[in-house]
Structures are given as structure tokens and as C-alpha cells.
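Got a structure for you, questions after.
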Amino acid sequence: MGFLENRFEDNIITAKLDQILSWARSTSAWYFQFGLACCAIEMMATAASRHDLERIGMMPRSSPRQADVMIVAGTVTLKMASRVKLLYDQMADPKYVISMGSCANSGGPYSRQGYHVLKGVDQIIPVDVYVPGCPPRPESLIEGLLKLQDKIRKERPLTKKK
Amino acid sequence: MKNYFQNIWQSITTLLIGLGITIKHMFKARKGNVTLQYPEEKWPRPERNIGFDPKNYNIIRSKLHVDIDDCIGCRKCERACPVGCIKIDALKVPKETDLGLTSSGTTKRLLISRFDIDMTECMFCNLCTYPCPEDCIFMTGGPNSEKQPLDYEYSQYDRSRLIFKFANVTKNDIRRITTAPPVQQEIL
Amino acid sequence: MIINQKVSDILEVKFPGVVILPDEPHNDFIQIHPEKWKEIAKFIKTDSELKFDSCQCITGVDLGIEDGLEVRYNFHSMQLKHKIEIRIAVERKNPSIPSIEQVWRGANWLEREVYDMYGIRFKGHRDLRRMLLPDDWKGWPLRKDYKTPNIYNGMKIPKVRKGWD
Amino acid sequence: MGLVHAEEMTLNIGPQHPSTHGVLRLKVKTDGEIISEITPVIGYLHRCFEKHCENLSYEQVIPFTDRCDYIAAMNNSFGYVLAVEKLMDIQVPERVEYIRVIMAEYNRIASHLLALGTFGLDVGAYTPFLYMFRDRERILDLFEITCGARLLYNYMWVGGVSHDLPLGFMEASYRFLDEFEKNINEYHNILSYNKIFIERSADVGIMPKDVAIDYGVTGPNLRGSGVKWDLRKDEPYSIYNRFKFDVPVGTGIMGSVGDCWDRYWVRAEEMQESIKIIRQALDKIPREGNVHEALPKKVRPPKGSIYFRTESPRGDLGYYIISDGTPTPLRVKMRSPAFTALSALSEIATGWMLSDVLVILGSLDIVLGEIDR
Amino acid sequence: MTIDNIIQWFQSWFPVNVMVLFITSVLIAAVVIFAIMAVNALVAVYAERKISAFMQDRVGPMGQGPGLHAGKWGLLQTIADTIKLILKEDIIPKAADKKLFIIAPFIIFLGAFIALAAMPFGPYLIASDMNIGIFYILAVSSFGVIGIILAAWSSDNKWSLYGGMRSAAQIISYEIPAALSLVSVLLLTSTLSMQGIIQSQAGTVWGFLPNWNIFNNPFSFLAFFIYFIAGVAETNRTPFDIPEAESELVAGFHTEYSGMRWAFFFLSEYGNMLVVCGLTVVAFLGGWQSPIAGVMEGAWWGLFWFLTKLTATIFIMIWFRWTFPRLRVDQLMNVAWKILLPIALFNLFGVAIWTLLVG
């Protein structure tokens, strides 16, 4: 979609088109199963029957190519950091990252003496929404995802960026 | 030869039993479903046995909150935190300045100029709330929901907004209180 | 725990001069010299009276004092339902102990982890590599004199706390 | 391997893979579909637990023990707390002992539910996983009303527990246990006796008795191979000797002894046993008794060392604690049962097909937080 | 509305040379079939997510969240998915074989697309009523395998190579029991044309039962199950979905595909499902015949009956997916060659004897 992006002036047609495109992107943001540690269990619980993630249109995809949102759930260690970067680069373009849990936000409980822990996943990949908690309740994860969907809906993919 | 047919018969019956279970769940979808639809339904739904009444919860692990005017600056919570995500600067105050009383009646002797909690590092282990003599640091919701309502929906777009600053003393207040008033010499 | 006393007596008989008799009699563990450790290990596994067939846990320890580097083994017998603890002290310059990886297959990974954390080389171990840390990691993390490196291939390790401390 | 010898292809079942239960990498040499060699590579979740224990005080280490085996956090801190109490020889009141056993057994059921659910996922059945998670949520509710957290509790302290049981706990537990027993045979009908599931897991990944003992494998994996070894029965700690329950052992009902189906079956049976223990504990729990009675002012154990083992849902969870009299431990080593179970994987999974290797890995029920510590 | 009807209808208006007329009418039929496949994909994906949700005690797409709505019960969910997939950046890996990588999804889609040309949606609603209808559909629907192998080989990824090889072996070995069970139907109807098969199933047998092939005799009853199981295997759905095994091969042969190219895989999977279910309905469940002989006959009622039976069979396929675990490759081959094939042969023999005796 590279050639269509930020090419057109801002007028009524592109505004309406933007609304439709970003609505579609935000309604069906498929998440990439990227469970590392304890937050992965809470992510599984969020995708299970009680807090259903399918309700807000998020389907789990196991290949980075078909996923839009990468939920970094758990502690990113230094040995794993290069893999996180590699997988992030393989995702198709309009991609977003949610940093779930204190370990991904800033190294969390392991930020003092963790010699092998990366202090926050935003050192290697750009993060869109930080979900606090250790592990965050499924409700706060869904609230973070809804905040991400609001952010996607406000995007203007077609109009030329100032 | 016998177990060839027995094999087939066994697979047919067990597969049909499995199908029976899933179709039973599908027809019971309205009564049997357990989904808590988060944005529409908030968390405790006792009548559909999802969660219990917050009143008889012992504690709920949610955002930390500090009633700063009860805090006497003893830094016990800062020492108890295994991660060190609480940062307190308590300044000495000249002898006779009156900083008021905490709600439980102890006089405050230290001026808290900075009380920050970094919620991106906090591991929600609740170890800091037990040693506090004034019970001014607590997790919102549950038993202390009348002090501070339950709040677990505070994810942010950028990380620095997750560092909560509770000290409500401005710069010149600090300068005014900590500079000792010029001692009036008694003019003999 | 009286089993420890019995085992150290048997070992004293079988391998004279190996068991270091502790100064005040207690029977929490057996302290031995590292030299003939492989034969002792085979012996306690196959001997009819002892039959320690499960190597429960191998712990590396750095007591912080000069000759404080030590490896402690916990063995357990499934048939006879008793367990012992064997300690072997190692000097700090080039620490090395005969490996018991061929005796108990479970010891393979446990020894690699002790090597990874303390740098104690296990002679005779077939593939002694770092167990948990990446292979190009320098230093032995759990030693008391270990300093956390600042950069590991491009990533800052200590938490940068601008305006915090 | 087969008649036609194809060229060996090395395959990386990489740190990120839908069914490696976390960040585990399997370097696999394949000859067509058949696996000729597996080398697990771990360390992607090494969070320096032992380094933290050397710089934190005894009660600050408890939340870190929870984060090691994050599926059975209660059992982890239960083992650590008992070890430190034995060092300081504190005697906790009766009510605390009963509460701790109830919580540990509830967490065992929750952990086994997750183990069976993800095992079903590895074999390809998606719905049983969601039924089992639906019941696991009910248990997490019970944990939540007592200690506020769903997964990592910091509930068991040295010398007691952080909060007493709340009002609605007893009725909610009885209601849950009755409903849960009916659901268990629903799982059996949809997954355990399903012919495709039996075809995929019986006679697959057979772990003979002596290989299991030699690798130090413990817990349901060892009992699946026919060895009757359960610390709650053979080395009773806390008050487990007061409860009547038996230890299920794999007997090769569907295939041979020690195959994946047996390990699955032993976990399913153990859930029934845990329900029996909880019912007995709920009946006999003393009503009064202050839970904070035996909490020491300052946790400062005398000089010495101890190796204490408890039965966690994955096997023998051992804590080797060396204390030098100061409030911070000198050395805490956690002997992780999943670590030894994974070390046995390369021996029992060689020679099987690619999809079998992942089924065998699922049947071992490993947790990477505990392996990498 | 067969194509020659369209041609006569046009000729009565403005007599242009026949070749141009032929192409335009074929184009019209192609657009109609593509519309049917697209609508079927949209509805089937939404139905699959909702049915699987109800079976698992959850709620499925509801389009919830403040100000964000995918319709009242998530009805616009699949439309949003398609628009999003159109917008995705479609990545062609550097090491991939570029031309084959691009062609592969269209070949799979083609396999299902041209098979629908001979599918009778109603007494007159058929693109082209060939007299070798069922043979044509069988031949063309095995076209998709080439696409899958191309996709697997060209995306230069070990996982997709595994998926491709597995699916090649699976689809080819399940073609044979499928064909054999259809042959036992042809013995009864003794015509290859699709409309002919349906017409031969009119009337009632044993009094109240409709004269569908499934109730005709016990052997063709068995043939229905064999064909349906082989059909499920042909569309790579559980319990035979090992080519895109979620838990083993990351995402099977379409691991490297993203965006619209991957959506074509999705479209052709549901297209294949449509073809297989349509064939089951035509061959065994009496196509557009109504179950009660006299009631609701006529052209448009035929379409209604065909669609209800189609939805029923698609529902059964979805039901299979969310209940059964997955078979291993060699067990899959074992089922095809050692169980389905012998029973299909015995079945063929049985039907022949039955038609001989009963006449």
C-alpha cells in the first residue's frame, strides 16, 4: 500500500476514505502470539472464554506476516532481544506494538539486579501503548487494546503528512 | 481383522460423543456463556458467578495510591519495596514550624518534597502497604475503595506518564518552609 | 540424617583418605576431596547398600571468603528412599572437578549450569558450554566479585534512570 | 533412517513458536518427517533469579519465587517458605497450615488444567483448551478474593499467610468443587477418550522407568512411567500426612507404560486427588486462630544451610538455602523439576515424527520461567 | 440461466457476431460466480467465528468498545477484515521465487472458481450444464494442489515446505475414495450431468422418504459418509488440517504470505468448501429437490432448498473443525488407503449388486 499512503491533499473525499480505512484497520487488528513469560498466561486467559478477545475483532495469528499488533507479553532478555527485533521487522507494514506488563515496560521487577534482562522493550522497537501491571488484569489488557484501537482510528493514512 | 472393525467403531462412537458435547454447548450458548464483556460490563458479576462482591475482597492488586497529607516521611515503604520503585525526598524542617497533624493524630516533622512511584517498575507485590504506620499507601479498590475508587485502567501512550508524583508541595513552598526565619536577637 | 554418617564410614573404608572428617561431628553432609570423585560417584550409584540412582541437585556456591568456591551434590535413592549431600571445595584460581555426567545423565545439564554461573570446569564433560547465558557472555555472574557489564552487543544493561536517583 | 536416505535438514523450532510453551528453541535435525536429533537451547527467559536472591531480604524474595514457575506460584512460594521456617524452626498455627494446603492444592488443579489444555492444543483440539480455561478462571476468582492477585500472589509469608480467608470463600469453594467434578468427565469425553487423541498420544514418546530416574525426572512425568514417588506421601511435609489420598501411577491403559497418554492421564487423576484433599481440608480447618500470629518481626535465620523439597505440579521443587545470619540469604538455589524433564526430551523424542516431538514436549508440561530461572 | 440462454437473449436484441456475444455472456457468468464465492467467504468466515464462539461458551465478534462498532453483533467484522487485508503491505521475501510466489494463490483460487461453473444452484440457475458435469468438477477441483505446492515451494520457508509436501500427499490420496464414492452414485443415476443427477432423485422411496441417493440404498448411505470425509480432507480442514497445522508448522504453506495474497488463500479455502459441500448436496441430498415431494417445488424454491442444504453441510464442516484434534501424516494416509478405499470399493460392488437385484 506504499504508493497510496500520504499522497493526497486533505479534502472531504480523502477524509471519508481515511475514516473507512482506519476503521477497518482498528476493527480487525489481529494480534501476533508473542508470549514470553507470566504475561503470556494472562494473554491466554484474555483470549479464552471469559474475557474474549474475539469480541473486539482480534484473532490470534501465529505467523508475523499476517499479524498487525505485536503484544510483547513478558520479560525480554538480552538473548531474546535480537529475536524480538527480527520478528518485529518481519511483520507487514501497518504494525503496532503493545508493551504488556512491567517487565516489557521498563524491566519491571528485574530492573535492579537483572544483568540479563533488557530494561524495557522500547529500547529496541517503537511501542504504541504501555499496559501497566504485573501481570496486568485481562481487563486492563483489553483497555490497553481499546486505547490502541482508538489511536489507529485517529490515523489519517491517505492525507499528506504536514 | 476383528480389531480393524472395532477400531473403526470406537473412533465413530468417541467422535460422535465429542460432537454431542460441542453442539450441546452451542445450544446452551445464552445460558452457558461465561464471557465478561469488558467495556460494557465491568468486573464483578456475582449473579453469573464471575468475580465476587468487592466488599468482601481482602485486597485488590491495582494502582498504588498515597494520601500524601497522612505521610510522615518514614520511608519504610521505600525500604520494603523489592524493586525500589518508590522515591521519597523528605527535608528537615526547622524546629518549631508546624506541618500539621496526620489523620491519626501524629505530628508531621518532615516535609515530603517528592514522593514518586514508578508504576512501570512496580511488581504489585503489596509489600509496601504493610509497614506503613499511617496506612497512607494502599492499593485502590477492594476494602479501601471508599478512600480511593478501584482503578486498573490507566495504560498510557508514553511511559513517563506512568510515573505518578504524589507530593503536592511547590518549589517556593519548599524554599519558604525550609529557610529558617532570621533569628530575632532580643535587643537588650 | 544418620545415613550421612553411615555413608561416610563406608566411603572411609572403600576410599581411604578421601573423606575430610569435619572438626565437630555432625551428619548434615560429607566433605570429600575432588580427586577420586568419579569413582566414588560410580560406587555410590551401583553399590547394593546405597543405590543412589537419582542425582537430585548440583549447587554451586561462592561463600565470598578466599577459598569459598564449592559444589554441593544432593543424591537420592528411589528404592531405599534415603538421601545424602556431598560437598566438594574447589580453589578459586582454576576451579575444576571431575564430571559425573557419564554416571548420571541428569547431571549433564546441572553441571553445565554450574559452569555457566561459577566458571567451575568439569573435567571429562562431553560438551561443556554455557547453559543459560548466550555463548559470547563474559564473566561468571553468580560469583560475588562479578560486575554487571555496561553494554551487551549494543544494548545498555544498567537501568538508565534519568532524573530518578 | 528410512530406506531412502534424504539429506539432513536442520530446523529451528525457534524461540517463538505456537507450541513451545514459552521461549524454548529446539535445534532439530530432520530426515524427511522423522527427527534424527534434538538439542533444546534454553536461556531465553533467564531472569537472574539467584542473583536477586543474594541482594534481597528473605521476605522480599517471595514474590520472585512466584515469578519462577508462574503457573503454580502458590506451590513455589510454599516450598521456599517451608524451607526458611525449617531454618528458623518456626511453628505456624494450625489454621495457617490448612489454608496453605488448600491454596497449594487449588493451584495444583489450576496448573494441571492449563497443562491438559495446552496439551490438547498441541494435538490440535482447540475447544477443550477453552473449557479448561473457563474452570481455571473460577479458581483464579477464589485466589483473587483472598490475596487480590490472579496469577502471582505473594500470599505465603515466612511464618504465616498475608490475609485470612474472606467471608464467601467456604461456600464458593464447595460450589466450585461440586460443579468442577461434573466438568472433569466432560473433558474426558471430549478429549481423553477421543480416538484421534488416543491415536496421537498413546505409544508416543515412551519414557522407560530407569531413563526417567537417571535423568532425575520427577512428578507426573515420573509417575506416568510407573514409579510411585510423590513427596506428599513419601516425605510428608506440612500436614499432608493427615489427608487420605492416593497417588495415581501410569499403567499403560491406552498404550504402553510411560507414553504421553499416561502422563496426561496421571495429571487428570491427580486433579481428582487434589479435590479430595481440598474437601478434607475444608471440613477439618479450625475456625479460629490468628493468621499473623507466628510472623517473625525480623526474618533472620541462624547460620546454616538446608535442602528442602516439596511436590509442585511439575515435580520435586527443591530449595537449597544457605544463610549466614544476615537478613539477606547468602545463596538460594531452586531445583526446577521442569529443567530435568526437558533434559530428558532429547532422549525420548528422537526417532519420532515432527508432530510427535511437539506432542511429547507438550506432555512433559514444562514452564520456561522455572527452567531458565 | 445457462450461457446459451444468455446468448439467445442477447441475439434477439442486437445481432453482433457470436464470438463477442459468447465472451460477454461468459464474463457475466464469471462475475456472478465470483460474487457467490466472495459472499460465501464473507458469510462463512463470520459464521465460523460465531459458531466456534458459541461452542466454546464465549461470544465471538461483537464489535464492542467505545465508539468502535463492527455492527450490532459484529456483522461488519469480516468486511473490516477484508478492507484491512487489502491495505496490508504484501511482503514478497527476497529469497522467494518471485513469479511463482505471485501466481500460487491465484491457481488455488482458480481450482475452486472454475469448478463452480457446473454447480446447479437451481433448476435453471447453472452457468453451463455440461453433460459431463460431475467428472468436470472432480477433474478441476484437483487443480488446487498445484497452487499449494507452488506456494509452499516458492516462499522458501522450511515450515511452508513441510506444509506443501503434506498437503500434496493428502489431497491426492483423498481424491480416490471421493471419486469412488461418486461413481457408486453414478451407478444409480446413470448420467454424468449435474441437472440429470438431481432430476433422477425426484419422487419418494419407501413411502415417506424423498428419493435422494442417501436414502436410496444402504450402500449409497455409506458412500455419503465416505465422500464427506474425503471432502473434508480435500479442503484441508480438521481433523485433516495438517498442511496449515496451527500448532506444528506455524502457519503451514501460507506462512510467508501477507495482506491480499493471504486473503486469496482464505477465499479459496472457503471456495473449495463450497465446491465440496455443493457436490455432496447434489450427489447425495437431492440438489434443489424439496424433501417433501409436492411442497414448494418450482425454480426459486429450488435455489432456497439448495442453499439450506449447502449451509447445513458447511455447518457440519465448521462443527468438525472445533471438536476434533488433528491426525498425524501417516495416520492420515492410513485412514485414506486402509479404511476409506476398501470400504469405497466394497460399496461400489454393493451398489452394483443392489441395482441389479432391485432394478
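For clarity, chains are labelled A, B, C, D and E in written order, and residue numbers in each chain start from 1.
We take it that a contact is a pair of C-beta atoms (placed from the backbone, for glycine too) under 8 Å apart; a residue touches a chain by one contact, two chains touch by 3 or more.
Model, not experiment: these values are computed from the prediction.
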item: Fewest hops from chain D to chain E - one hop per pair of touching chains; value: 1
item: Centroid comparison with chain B (C-alpha atoms), farthest chain; value: E
item: Most distant chain from chain D by Cα centroid; value: E
item: Rounded Å distance between chain B and chain D, as computed from the means of their C-alpha atoms; value: 28
item: Where chain B and chain C are represented by their mean Cα positions, the distance between them in whole Å; value: 42
item: Centre-of-Cα separation between chain E and chain C, whole angstrom; value: 63
item: Residue list for chain C, restricted to those that touch at least two other chains; value: 132-134, 141
item: Two or more partner chains touched - positions in chain A; value: 48-50, 52, 55, 62, 79, 106-107, 109, 111-113, 115-116, 134, 137, 146
item: Where chain B touches two or more other chains at once, by residue number; value: 15, 18, 21-22, 33-35, 37-39, 50, 82, 118, 123-124
item: Interfacial residue positions of chain A with respect to chain B in the complex; value: 49-52, 55, 102, 105-109, 111-112, 120, 122, 127-134, 136-140, 142-144, 146-147, 151
item: Chain E residues touching chain B - in the complex, by the definition given at the top; value: 51, 54-59, 62, 64-66, 319-320, 322-324, 339
item: Of chain A, residues touching chain E in the complex; value: 1-2, 20-21, 23-29, 48-50, 52, 54-57, 59, 61-63, 65-66, 68, 90, 92-94, 146, 149-150, 153, 157
item: Residue ranges of chain E touching chain A (in the complex, touch as defined); value: 49, 53, 56-68, 70, 74, 76-77, 79-81, 83-84, 87-91, 246, 250-251, 254-259, 262
item: Chain D partner contacts - residues on chain C that touch it in the complex; value: 28, 53-57, 59-64, 72, 74, 78, 81, 85, 104-106, 108-110, 117, 130-134, 141-142
